[in-house]
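Working notes, beginning with the structure itself.
A, B, C and D label the chains in the order they appear, each numbered from 1.
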Amino acid sequence: MALTPQYADLDRLAIEVPSWAYGNSGTRFRVFGTPGTPRDPFEKVSDAAQVHAHTGLAPRVALHYPWDAVDDWEALRAHAQDLGVALGTINSNTFQDEDYKFGSLTHPDPRIRRKAVDHHLECIEIMHRTGSRDLKVWLADGTNYPGQDSIRARQDRLAESLHAIYEHLGEEQRMVLEYKFFEPAFYHTDIPDWGTSYAHCAALGERAMVVLDTGHHAPGTNIEFIVAQLLRLGKLGAFDFNSRFYADDDLIVGAADPYQLYRIVAELIAGGGYGSPDVQLVLDQCHNIEAKIPGQIKSVLNVQEAVAKALSIDTEALDAARRDCDVLLANEIFEDAFRTDVRPLLAEYRSQRGLPEDPMRAFLASGYLDRIAEERVGGTQASWGA
Amino acid sequence: MALTPQYADLDRLAIEVPSWAYGNSGTRFRVFGTPGTPRDPFEKVSDAAQVHAHTGLAPRVALHYPWDAVDDWEALRAHAQDLGVALGTINSNTFQDEDYKFGSLTHPDPRIRRKAVDHHLECIEIMHRTGSRDLKVWLADGTNYPGQDSIRARQDRLAESLHAIYEHLGEEQRMVLEYKFFEPAFYHTDIPDWGTSYAHCAALGERAMVVLDTGHHAPGTNIEFIVAQLLRLGKLGAFDFNSRFYADDDLIVGAADPYQLYRIVAELIAGGGYGSPDVQLVLDQCHNIEAKIPGQIKSVLNVQEAVAKALSIDTEALDAARRDCDVLLANEIFEDAFRTDVRPLLAEYRSQRGLPEDPMRAFLASGYLDRIAEERVGGTQASWGA
Amino acid sequence: MALTPQYADLDRLAIEVPSWAYGNSGTRFRVFGTPGTPRDPFEKVSDAAQVHAHTGLAPRVALHYPWDAVDDWEALRAHAQDLGVALGTINSNTFQDEDYKFGSLTHPDPRIRRKAVDHHLECIEIMHRTGSRDLKVWLADGTNYPGQDSIRARQDRLAESLHAIYEHLGEEQRMVLEYKFFEPAFYHTDIPDWGTSYAHCAALGERAMVVLDTGHHAPGTNIEFIVAQLLRLGKLGAFDFNSRFYADDDLIVGAADPYQLYRIVAELIAGGGYGSPDVQLVLDQCHNIEAKIPGQIKSVLNVQEAVAKALSIDTEALDAARRDCDVLLANEIFEDAFRTDVRPLLAEYRSQRGLPEDPMRAFLASGYLDRIAEERVGGTQASWGA
Amino acid sequence: MALTPQYADLDRLAIEVPSWAYGNSGTRFRVFGTPGTPRDPFEKVSDAAQVHAHTGLAPRVALHYPWDAVDDWEALRAHAQDLGVALGTINSNTFQDEDYKFGSLTHPDPRIRRKAVDHHLECIEIMHRTGSRDLKVWLADGTNYPGQDSIRARQDRLAESLHAIYEHLGEEQRMVLEYKFFEPAFYHTDIPDWGTSYAHCAALGERAMVVLDTGHHAPGTNIEFIVAQLLRLGKLGAFDFNSRFYADDDLIVGAADPYQLYRIVAELIAGGGYGSPDVQLVLDQCHNIEAKIPGQIKSVLNVQEAVAKALSIDTEALDAARRDCDVLLANEIFEDAFRTDVRPLLAEYRSQRGLPEDPMRAFLASGYLDRIAEERVGGTQASWGA
């Protein structure tokens, strides 16, 4: 029988939410707008703070630079603090400037590599102002056609560029290096898999860690295996939550395959990654057609539900079944916690913590969405690129 | 030994090129620009005509409406004729209006379905003016989340909407119905596979035909099988050429897997689809980072090369090996034609037809690219959406 | 809130279990044995009857011919009846005879096609004796190398062979035609997708129906869409339950993705396929490393759980949310029933129906496994091929 | 224009052929037999020697133990030498004993892990007798169901077991560690990707190297990228040639995608892996339905053709185009060598080296196949397991 998780264990869940999830996003075919969409980073942080206010799960907001560029970083930091949240990871961006058409940190031209490195140094400066620990590096670098550039030379340039950035990190800062199977590059991607990210991080040093994103894998990839492996190697720096049926769909975490989310979370817990400062949990999603703040609330609740289930696994009974090679029993014990409906438990837990039992209903009833739809008139709605 | 194809057989190759390939395109991450990119449909047609002028392979230009909306269709038609090409298929567009956020021909709201049907009727009107035979219907319709809408109800609405369009087709006009595995919808797509397109076309009538696009399939799908099957069922209306390594990458046809292109073309020939008026051959690609007109020239040349090879198959020897179940011999005969370098033959063929032996070099030497880069200053470069 | 399903609706669930699941199975690398494995069809039926005795869900046993060949079919039928079950679908087998190395119903050699057709006529004869309604045709036919045989010619031969079989069906009999993406053929499969099976069934007539197997699709295929489409077209004849992470893994149904199973069952219910005599529900799995009878018990219970959840969907609320295009609400209503733990309800339901509340524990406690391990000594354990 | 490769560069190609390719193989559905199939390792080596005799490309034969167990290893070695070939890599086998049902080097039970380690020590002993340098470790270890065993604990056991083997290697011996995406395990595989193999090899030491097999990847994986990466990291120990359309189809190398083979070989050459003693080139294929010795001859010829093409790349022009970011030109230069028909050149090269210009025709004309079909009567044909 599934166990009942301790409230103290549930308390250890903290998820960083991305500023860009509150702006508009879409596909190459269309970006649809929504009334009330933020026009600037301050409004994005305000929206993000709503998620934390109603769920207690999202104490930090990740920023994307230069999308979230502001004149006064201290003001943004104070704005966040006033709303009960902190600024988190800084995401660099080397894919929206004409210079990066053929690469950034891996570009054949040293001038453009230098520019891309400098952009990261600027991010590090910002991190000092925002109090952020992590610099997240995700590259769009790659090629579209066989032969277009040397795969090997680009690896060597990548290593050199990363080194130039890494050595500027402050003592308390980290670089977290993301990988992605494909898109926007369609023949080869310069950091396509965890092995590549790991090899670079291992060469860089202790403060370089791998970022794992749910949607950045080949079809059928066993993601919880990678979680287990990177925890074992001491190199899991962050986990980006979202979900997908096909490619990097960036759907709400848990929406496509809640059992996969549960398995991932179970592996995070089993390997010591849950509640560890080393492993930053982050949402990285797009709300192309659904309401954005509610989409984010649902997302953190989905993670919380998976955590509550995974904390309920009867690990003692499971270990015994595994020792006996009792396949069906071990599987049943593992499934049992997933099958259990933890929603009543979580409602009670929230209530005890002074949070609304049903955060989604509480938010929808708060009138916030109507308010921003009315107030945020004029200006340009934020989206990828601003 | 591979045979030598007849020039008369090579003459039967005609490929429609898409107006939108000459505008800018990209991914959700970035659309990069290029000097000289057309600002309007007239300039797109001018560029397209360059492809035909140098290769003799691209006598028609497909249009996308309303991207290619002009005040005077007759003028556009005349402009094309002056440049030696004709206007071809009209592609409808029901994915770039806020109303279509949750669907078009399948939308739950009858008002929006009506609007989407009316858009197609408008396309049919335009076809009368442009002299186009085919109305190509590709829908972005689908859902992102399980439960979001009824899969079944949407099929029924789709059938009804398609019927409303179909009955307005002129006697000489056709509807060609495209399918796509995923994107931009990420949970379910309303026409995800050839079976669905086929079932609808069969219900509509003789002038409804299936469109097959190289990149619109699940990983590993045997596309030449679908070609063979649709030809057998008399329902292959068009084939959209491009190539991909992952999803709908829309790379230059033949760039990812030239052997697959050869197999597809071989099946087109074997099943009577090559040179048949029933089967429209079309490019449908994006030149995100490479030069656009040269990208198109390379594309039609790649198809021509595949055709020349497939026409070289020693079908008599192949049939004998197949009858004997001689796996290796049959495979070798089939591969032999692919392995043969037909480029010298094609150079000679072109020369005999009054075309440059090396169309790419001829075009690059023509100065056209420099000229448009100089002349096309100001205005807004065309891209998806304009 | 999820509704409570009616017991009468739960009563309509009946799943056919496959005789071959009780024999040994494995991969090309190894078939492992288990003490107590049946040596003949009578023992297989005995094991299958245990599943029904403890769950009330598996009233029929599908047979595979000639794997399950017996001298006296009436005796096998009576044996089944004595144990409270009936004989079900007859599965033909044209992949384990040296003659079928290069195909069966599609073979280039008419003699071998004739042999394969005759095998099916023999199956029809057996169906009369066993009282089976359905002849299930799954073909291993295909090719491993491009060019090996004509894809098109094989389709034509297939159509002819199927016709020759179909016309021998009795009035009350049906042919159900399975498709499979790949394996054992590795270049092309003669019936690779639902479209191909559908086209052939439509050409054959009303008593030819498509079989959908969970594991027989390209990666990422939306299976519930196909369920909805085939129900709409009136051509879903059977659904083969199993699950997979990669290819045709044939794992226990629901083990890989319980949410997918739920979505499939929800679509069966929504489209009128649940409880319909037209749609035969079948297990088709391999218990390579886990205990077989318990594996089957778990499987039918997993389906029952998915059915109970899907019957709990608040369809009225769902329809309203869909009409409003409220993506998150519709998705939440759909997920709500999945999230609900229906195990207590099902325990009560079973108790009321005179069945053990926990069928798995009841079976394991019954001593049956020890008994067969002791009794079934000597002889050859059944596996694929016997 | 493609360059002409030097004969001396072509001379550096040497491919190890696998003893088991000459025995029968198949799928879980059926293993078909062929007249003349070897009954013992001596006959397998005789067949393998035919490949080298006609092509000059296959000087070594890889063995699988205990499939190829003989009483007198020196006799087998002498038999090989008499026929002009040498014995090569020893492949261990820990997947065909009942004890390994739930794992070998990763099994929860230390007794079974010990047994699996001891098997490898026995292989090392044999290597001393056969003069083999490489111990190839491919594991079937993994689980079929979530929760079945601890992914993490299995990694730790794996590390320990590998270490116990590694420390017994002779000074001149190496361990090459293969990875595989899935099959025969269907939920998780203990060494599923290059990253995992690399992490273990890096921990073991200099004489542990990664094995890359064409068919052991997720769909869409860019294999040449992994070649480039492992060469860069100094850890590519061997490359197993075969091809596939879907999973681990084990078709003839180059049969599914000759352009992929070319890209792989080009990356081997570019990264210094071609002709290097560090990188063992091996065939690892199954000839399920085609003739085996001819299948092997075709395979080594396909690799030779790819090598000849890749050696023809105009690297100087390519580098210049890459520096200029001229996507289309770089791609065209890269494709040019692939498009060139090198068969005449290779015929001449063979002739100059005293080999038949057309090795396949020469072998088929030699009468060898008829002779073995006549002579090898009685006994048990070798297949996986013997």
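The rule is simple: contacts are C-beta pairs under 8 Å (C-beta built on N, C-alpha and C of every residue); 3 or more make two chains touch, one makes a residue touch a chain.
In this text, all values refer to a predicted model and were calculated from it rather than measured experimentally.
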Each chain counted as touching subunit B and subunit D at once: A, C
Counterpart interface for B-D, drawn from B-C, A-C or A-D and sharing over half of its contact pairs: A-C
Gap in Å, rounded to a whole number, between the CA centres of subunit C and subunit B: 39
Distance from the mean Cα position of subunit B to that of subunit A, given in whole angstrom: 37
Residues within subunit B bordering two or more other chains: 101-102, 144-146, 181-182, 187, 219-220, 222, 245-246, 255, 259, 289-290, 327-328, 331, 335
Contact footprint of subunit D on subunit A as seen in their complex: 101-102, 108-109, 143-153, 155-156, 181-182, 187-189, 192-196, 198-199, 217-222, 224-226, 228-229, 231-233, 259, 263, 267, 270-271, 318-319, 322-323, 325, 327-328, 330-331, 333-335
Touching residues (chain side subunit A, partner subunit C) in the complex: 219-220, 222, 245-246, 255, 257-260, 289-291, 294-295, 298, 305, 327-328, 331-332, 335, 338-341, 343, 360
Residue ranges of subunit A touching subunit B (in the complex, touch as defined): 25-30, 32-33, 95-96, 98, 100-102, 140, 144-146, 181-184, 186-187, 219, 244-247, 249, 251-252, 255-256, 288-290, 384
